[in-house]
Amino acid sequence: MSELAAVQGIERIEDAPLEGLLEAVRAYRDRRARFITATCLDRGERFEILYLFDEGLKTVAVRTFLPKGQRLPSITGVYLCGFLVENELQDLFGIEVDGLDIDYRGKFLVTNTFETPPLLKQTTCELRPTKEEPS
Amino acid sequence: MARMLRSVLRNALSKPATRPFPEAPRAEFEKARGLITFDCTDCRFCGACALKCPTGAIRVVREERRIYFEPFKCIVCGACLEACRFGSVRMGPERRKPVYEKPVEVYAKPETEAEPKPPDPGA
Amino acid sequence: MSWIDIGLRAFLAVVVAPWVGMLLVGLDRKLSARLQGRVGPPLTQPFYDLVKLLAKQGDTTSRFQTACLVLFLASNVVSLALVLLGGDLLVMLFVLAFGAVAYIVGGFSAKSPYSQLGTQRELLQLLTYEPLLVFLAVGIYLRTGSFLASAAFQRTEPLLPEMPVFVLTLIAVFGIKLRKSPFDIASSPHHGHQEVVRGPLSEVAGPSLALVELAHWYEVVLLVALASLLWASPLWAGVLVGLGCLLASIVVDNVAARLTWSWMLRFGWLVAVPASILNLIYLYATRGGGG
Amino acid sequence: MSDATNVPFGPQHPVLPEPIQLRISLEDENVLQALPALGYVHRGIEKAGELNDFQQNVFLVERVCGICSSIHALAYCLAVESAMGLEVPKRADYLRVVWMELHRIHSHLLYLGLLAEAFGFESMFMEFWRIRERVMDLLEMTAGNRVIISVCTIGGVRRDIDAEQARTIREELPKVREEVQRLVDALLGDYTVKRRTAGKGVISGQAALDLGAVGPTLRGSGVAQDMRMAGYAAYSELQFQPVTFPDGDTYSRTAVRAYEVFQSMDLVLAALENLPEGELAAKFKGRPDGAALARVEAPRGELIYMVVGNGTKNLERMRVRVPTYANIPALLSVLPGCEFADVPVVTLSIDPCISCTER
Amino acid sequence: MNLIQKARMKSPWILHFNAGSCNGCDIEILSCLTPVYDIERFGAVNVGNPKHADVLLVTGPVNRRNERVLRNLYEQMLDPKIVVAVGTCASSGGVFHNCYNCLGGVDKVIPVDVYVPGCAAKPETIIEGVILGLEKLAKMPAKPRPGRTSAEAEKVEAER
């Protein structure tokens, strides 16, 4: 399982290569779509990132794949309000974003006390004691 | 301002809305989610309640045939109540009171039922 | 005035007044609560607050600010004594302003940005109410021919019918001095509910804060005493006028939002000051009549 | 030469019940720049959503924020239901509307009170909160808890509203409405309130869209967008028109919320009127496999949940996008140029909910 | 009971700090101030300034960023003082017990005097909790704590 096949509630998902990401996002901006947010999934070797837009109450998405270790271009030049979510990607997934307008440098939500960014799959919190109970 | 004036003057002339709280507490609503307790008479110590509890407030130790319950972890969601198939979890409307030290409540079967029942094969 | 009389009045001003003030402050809180549909604290609440503050340990307030607050308290006591002893109103205003300046200097000495901002606003408040009080003194002078409070006290005819504007300005002064909406811009007395928290008092704690509370008790009595000059005989009528002003400011507090300092300054200088001056002109023009 | 003073506004500040820090540079009393410092309420709920099993998550997401908690639960349940292809019974749909709208009423009354508080209008705050208690009593009566009502579950609802309770609600709401009407008139018609709100923090309709604003912030700029129009739960069968006000200032945003209170009351009554008989929750087997996105209208605007299941009892990913998150850029765009005294008022006018913003 | 103890019982000034809660308990604390519950009957006011407060009401499980703020607030309060943990998550972490950024309860950071149960804690329970705490507060010795020098105070302020 390495990518989403379809998402209930998202009208269409348009794939964009990393280089074409800004183009694709700008196309939505030109159509006056409202930027909703971005969602990132840790898919092992790479990240799967969905940029969600609202078009008259319908949800549409641009998807891109980011190999781990590569840098992500910032969309703040197109949608300024993307700065929050991009800072969050830096914090929680350890993705480095290029050209971020307001950059908190990975200290947006968390104080740097985690060895690995918290939302990566390899990061596991201690399981709760109840889970170890025989049932 | 004139409208507000009417409003505050009305307040000043009528009885305050304040409930006489510690002196005469209001009865809890019948369906209020208040105290969680256990009644181990029929309990099989299966741990289903502990597994469903979203906060880890319940610890079922099968060997000891005991349930350790930490009420100050419990959010009174009622998931344990729904999970227990033997009616051993109880929920009452009473309000839990503040304390100086967090207690751990221990529930065990009443002595008469010391002999463990075999697990229900159907489950 | 005999020595006994003087002694009695001084006793009133220094020892009895704070208790009266305490009850008035308690009444203020109780009444505000009732206007909001609540039961509110007991009347003696300010007393318990004071005792508790005095019993607090480890005051972090800077020595300098504490000294300023002692001056502030002292100026309130002296001002009140001056009024009750029938002293010169201008001297009284000077002493009062001196105390307010001490309070402000103390506020500026604290490092916290809230304290700084709050104190700036405190200064603006001073600029707003001080002229109003001066005009009041001038008004009294125009009628009695003297700046002495005793002259007003000895007058048999009430001043109020000829000085109606000053009742309104006094309500505003009550509002400003007691930090009530729409004038509670620098700090509100019992709620830190605003952008500068408790303004100049942000850094004041424990026993030093108790000084401020105590000064506040004197302040309330002083304001009531000032208002009572407008109807000095019979004296109870004057006291009623004072209490009426207090009541009015409490009601206004509850029917208005806090406005900004720029609004307050404009209100003071474009409305209250011109209105006071108009009233003064009237007093001046009819000077012969009232005697 | 600019002698800007830097004032950290928060994280512990009396007008903000929640710890957010706005680093504000001031020149005299005018704001030059405001930047938020977040993270004081970040807990890591998205990760916890992967550690818990998907049914326990209902209780977790309710506590993303206590103010519109039930709406978080609803959004999560809708997402999981759509990922699992579950059909929710009609009665549950209507009951959901009743609870969600009651919740919206309590949330908006809370906002109106807090706004009054932000400009020192104590008695107004007290009045709104006094009336709000009657709504809280309705919630406690029907759901058993005041704030975190825990009524939604995957497949439907966990509690019923019986005829007796429905009658109480029907009797109580018109009385509440009367009182709220009186207060709203007093609030929106007040000179001092207008002085503090009209023309403060103006966001134009186009700017609001560009900055991604949602909910009353967007509708206060004259854009009629309300996720309830998309017709989840039983909204498609109930009549309603989104409330909009054109000016985009603090006053408009407040007015939108004030009138939405009445709208919500109508919706509650209509839903109770048409309440169908039937099951409370659909039985289901299995675990979510596949992804789904749900968008609902929380009191503060559009709330989005996305769940990705992988056939186990734990989710692969739970993503939450909350309304305040979308409104923060709009807020930041209007703060510079404000007077310092207006900062709390303008900040409150988007009704910020930091706890859900940071999760 | 001597006068000082009585005054302490009757004049609890409250500081409320949200240490990462969900707001559920916070709005219930606010409810305590409003007409229906009116905690001012007991002399309590919400002062919003740690230097003036006697009672610290903390909600939320405490996260890694506000831990320091919480500790500072506690330090700035003058003795005698009590801490009341309001709500399940302030008492033990509650539903956030497995969240990576949460420390799991106020007592992990500062000593807690009273635990108030409930999620969200009801206003009645919060009032009871404050009253229970006051009984403890009144009995506290007025132990002299050396006042902080202004240099130290500035340092604390700068960190805040």
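So that you can tell them apart, the chains are marked A, B, C, D and E in the order they are listed, and the count of residues begins at 1 in each.
Just so we're on the same page, a residue touches a chain if its C-beta (ideal position, glycine included) is under 8 Å from a C-beta of that chain, and two chains touch if they have at least 3 such contacts.
Since this is a predicted model, take the numbers as computed values, not measurements.
K.L.:
So which chains count as neighbours of both chain C and chain E?
P.N.:
Looking at chain E and chain C together, the chains touching each of them are B, D.
K.L.:
Farthest from chain C by Cα centre, which chain is it? Let me know.
P.N.:
Greatest centre separation from chain C goes to chain A.
K.L.:
Hey, which pair has more contacts between C-betas, B-C or B-D?
P.N.:
Higher C-beta contact count between the two pairs: B-D.
K.L.:
Between chain A and chain D, what is the separation of their C-alpha centroids in Å?
P.N.:
Averaging C-alpha atoms per chain gives centres 24 Å apart.
K.L.:
Compute the distance, rounded to whole Å, between the mean C-alpha positions of chain D and chain E.
P.N.:
27
K.L.:
Starting from the mean Cα coordinates of chain A and chain E, work out the distance between those two points in Å.
P.N.:
Their C-alpha centroids are separated by 38 Å.
K.L.:
Using mean CA coordinates as chain centres, what's the gap between chain A and chain C in Å?
P.N.:
59
K.L.:
List, in ascending order, every residue of chain D touching at least 2 other chains.
P.N.:
Within chain D, residues 8, 13-14, 39, 42, 44, 47-48, 51-52, 59-60, 63, 123-124, 126-127, 130, 133, 145, 148, 190, 192 contact more than one other chain.
K.L.:
Chain B: which residues touch two or more other chains?
P.N.:
1, 4, 8, 11, 16-18, 53-54, 56, 75-77, in rising order.
K.L.:
Can you list the residues of chain A that touch 2 or more other chains?
P.N.:
109-111, 118, 123, 125, 127-128
K.L.:
Enumerate the contact residues on chain A facing chain D in the complex.
P.N.:
Per the touch definition, chain A meets chain D at residues 1, 4-10, 32, 34-37, 39, 41, 52, 54, 57, 59, 79-81, 83-85, 92, 102, 107-111, 118-119, 123, 125, 127-128.
K.L.:
Given the complex with chain E, which residues does chain C contribute to the contact?
P.N.:
On the chain C side, the touching residues are 29, 33, 36-42, 45, 47-52, 55-60, 62, 111-112, 190-193, 197-198, 201-206, 209.
K.L.:
Considering only the defined contacts, which chain E positions touch chain B in the complex?
P.N.:
By the definition above, chain E touches chain B via 35-38, 41, 84, 88, 91-95, 97-98, 113-119, 122, 124-125, 127-129, 131-132, 136.
K.L.:
Within their complex, state which residues of chain D touch chain E.
P.N.:
Listed in rising order, the residues of chain D that touch chain E are 8, 11-14, 17-19, 39-45, 47-48, 51-52, 59-60, 63-67, 69, 110, 113, 125-126, 129-130, 133, 136, 145-148, 353, 355.
K.L.:
So in the complex, which bits of chain B are touching chain C?
P.N.:
Residue list for chain B touching chain C: 1, 4-5, 8-9, 11-12, 14, 16-18.
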